[in-house]
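Chain naming follows the written order as A, B, C and D, and within any one chain the residues start at number 1.
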Amino acid sequence: MAGILDMLSWFFLVGGGFLGITGAVGLFRFPDFYTRLHAASVTDTLCAGFIVLGLVLQATDAMMVFKLVMILLILTYTSPTAAHALAKSALHGGLKPLTDLDANNKSGAESTQPEGESPSTP
Amino acid sequence: MLAVTALSVVFMRDLFAIVMLFGIYSLLSAGFFVTMEAVDVALTEAAVGAGVTTVLMLGTLAMTVRKEKARVKPSSLLPLAVVTITGLVLIYGTLDMPYMGDPDAPVHQHVAPRYIEQSYEEVGMPNIVTSVLASYRGFDTLGEVVVIFTAGLGVLTLLGVSGDRRHEKRPAVMEHHLVLKVITKALIPLILLYALYIQFHGDYGPGGGFQAGVIFGAAIILYTIIFGLTKGEQVITPLFLRYMMGAGVLIYGGTGVLSLLLGGNFLDYDVLAHDALHGQHYGILAVEFGVGVTVTAVMISIFFNFTGRSTLSKDEE
Amino acid sequence: MDTTLGLYNYWIVIFLMMVGFYVVIAQGNLIKKVVGLNIFQTSVFILYITMGKVSGGAAPILDDSVTAYSNPLPHVLILTAIVVGVATTALALALIVRIKEEYGSVEEDEIHDQDNSL
Amino acid sequence: MYFAISAAILVVMVLALARALLGPTVYDRILAVNMFGTKTVLLIAVFGLISGRFDYIDIALVYALINFISIVAVLRFFEYGDHREQES
């Protein structure tokens, strides 16, 4: 039982680490802000989730598990929210997505922010 | 990494980028404190450096300019020389310093062993930092609280807005961020609860009045950022804040006077209860509470003043 | 090698300190000066915390399983210093805001020019 | 093994820092700072497990909260600053 838990936890930790590096490479290499946002926020959330889950499986103390779960909860709450707010204010601030290469990417970025342009100038 | 960040601060022109980098810088230094086993300090730096300082600097930027002007006279040779020479002299000085982590270094010989070995019998708190902060060095901490109080007063005098102009209508800036508003509503009770945990758990784990005050203040600041200054001031009115600022210092000093009246020395908590350990416990709780109240009030009031001023100067334009 | 490792932290501290110092004396922008001052301040914090470190020592919260603790005294000093630091930074920033309102600039040169022309 | 994870997180931090330094737009920098903050939380949590003392988790928790606050603050003031420039 302990062995399985251990293996599972290492799987999560390694997966988290891998996702984190992927996200960072994306953040570093992608051509424009919206693609970078995608790379960073999606992998960021999953990576944080994985690593904290892995740590939870390693933890021995009930209080520690509780606090780690709180961290997980807060991260899953705040990190997509921050990404959303960032994308919205970037769109609002007049930063255009990169259009010429892949139309898919652009429509994806806009369909998630349908209300982004309407409530603009005060 | 710290060095790279600091260096890049020098070469950046865009002040906004500098502030962002400064946020990273303080995150890094807090990470450094963690590796140095200084949990309380890391907690404080986390709350203060990454949160409040960034917010305040941004507030200033909103009121002043974003770009640094291009320099007219490139006279940076002399300062550079001064800096290099001073640095070299200081590095020469470090050659005599004890190596890092050496348990025989002079710092560890003076009063620290006493704190480590006897504080549990004398004060009864697992967290040595708290017991040193509030009990052994209570005078110092009282001084610090007064300094913070004074700084709060100073900001109030410099930036405070007179009563009748305060109540002009100010629109909430982030009106259209629906998701942010919902998430914030869910988060704020959590932050407040956590601040209370830090406040009262400070005897056993990292934490205490300073950190709890900053976190509590940060929660209110978050509310004000999202819902606008008018609503923020309905939650905690500026007048109440001023009372709070004073009340914290008074609670601290009052504890001292109480112990004086009960026959002990100033800020000697042994006499506060039937036996010394309980007395220490009550005393530290009261003192930490005072610290927390003052720090909270000062942080919030500084932030209110900055925001209030920036909305006003916008109106004038 | 031993010397390098043992003193490495101090050198970083000095480097940071000098960067902060340089920013304060060589830059004309007041906000940047405050940032420089903060960097200087942080370097002093790091110096203190480095001094408080004992190798093999744990965080100074008493626990039965731990034998050596790092020195709590620097932690206390720095803890209060950080909070006081942010209060003074706020004061400095408030002053800058007032200066901007009175002089219309946060550049040192321009403020001097205006003073001299009076 | 824990050290491998912390090394991975450190690599991520370096890349995020590079993006914050290079970042052509302000939003890139904010994004990088956000990511940096999240990774600091994880790093501290992992470090807490290495040393086996759960006081560190408290710090990580504070970070998670404060990071969000600072991102929101940055966004707000940035939007606000933009309005100002447009008006004046």
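Here is the rule we use: a residue touches a chain if its C-beta (ideal position, glycine included) is under 8 Å from a C-beta of that chain, and two chains touch if they have at least 3 such contacts.
Everything quoted here is computed from the prediction, not taken from an experiment.
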item: Relative to chain C, chain with the most remote C-alpha centre; value: A
item: Chain pair with the higher count of C-beta pairs in contact (A-D, A-B); value: A-D
item: Rounded Å distance between chain A and chain B, as computed from the means of their C-alpha atoms; value: 30
item: Chain C and chain D, separation of their C-alpha mean positions in angstrom; value: 21
item: Centre-to-centre distance between chain D and chain A (centres being mean Cα positions), rounded to whole Å; value: 12
item: Length of the line joining the C-alpha centres of chain A and chain C, rounded to whole Å; value: 33
item: Multi-partner residues of chain C (each touching 2 or more other chains); value: 58-59, 61, 63
item: Contacts with 2+ other chains: residues of chain B; value: 39, 59, 61, 180, 187, 190, 205-206
item: Per-residue overlap in chain D, given as positions that touch at least 2 other chains; value: 30, 32, 55, 58, 61, 65, 67-68, 72, 75, 78-79, 83
item: Of chain A, residues touching chain B in the complex; value: 74, 77-78, 81, 84-85, 88, 115, 119, 122
item: Interface residues, chain D side, partner chain A - complex; value: 1, 4-5, 8-9, 11-12, 15-16, 18-19, 25, 27-28, 30-32, 34-35, 38-39, 41-42, 45-46, 49, 54, 57-58, 60-61, 64-65, 67-68, 71-72, 75, 78-79, 82-83
item: Partner chain A, residues of chain B touching it in the complex; value: 171, 175-177, 179-180, 183, 186-187, 190
item: Chain C to chain B touching residues, read off their complex; value: 2-3, 5-12, 14-23, 25-29, 31-32, 34-36, 38-39, 42, 45-46, 49-63, 68-76, 78-80, 82-91, 93-98, 100-101, 106-107, 109-110
item: Chain D-touching residues of chain B, taken from the complex the two chains share; value: 1, 4-5, 8, 16-17, 20-21, 23-24, 27, 30-31, 34-35, 39, 42-43, 46-47, 50-51, 54-55, 58-59, 61-62, 66, 173-174, 180, 184, 187, 190-191, 194, 198, 205-207, 211, 215, 218-219, 221-222, 225-226, 310, 314, 317
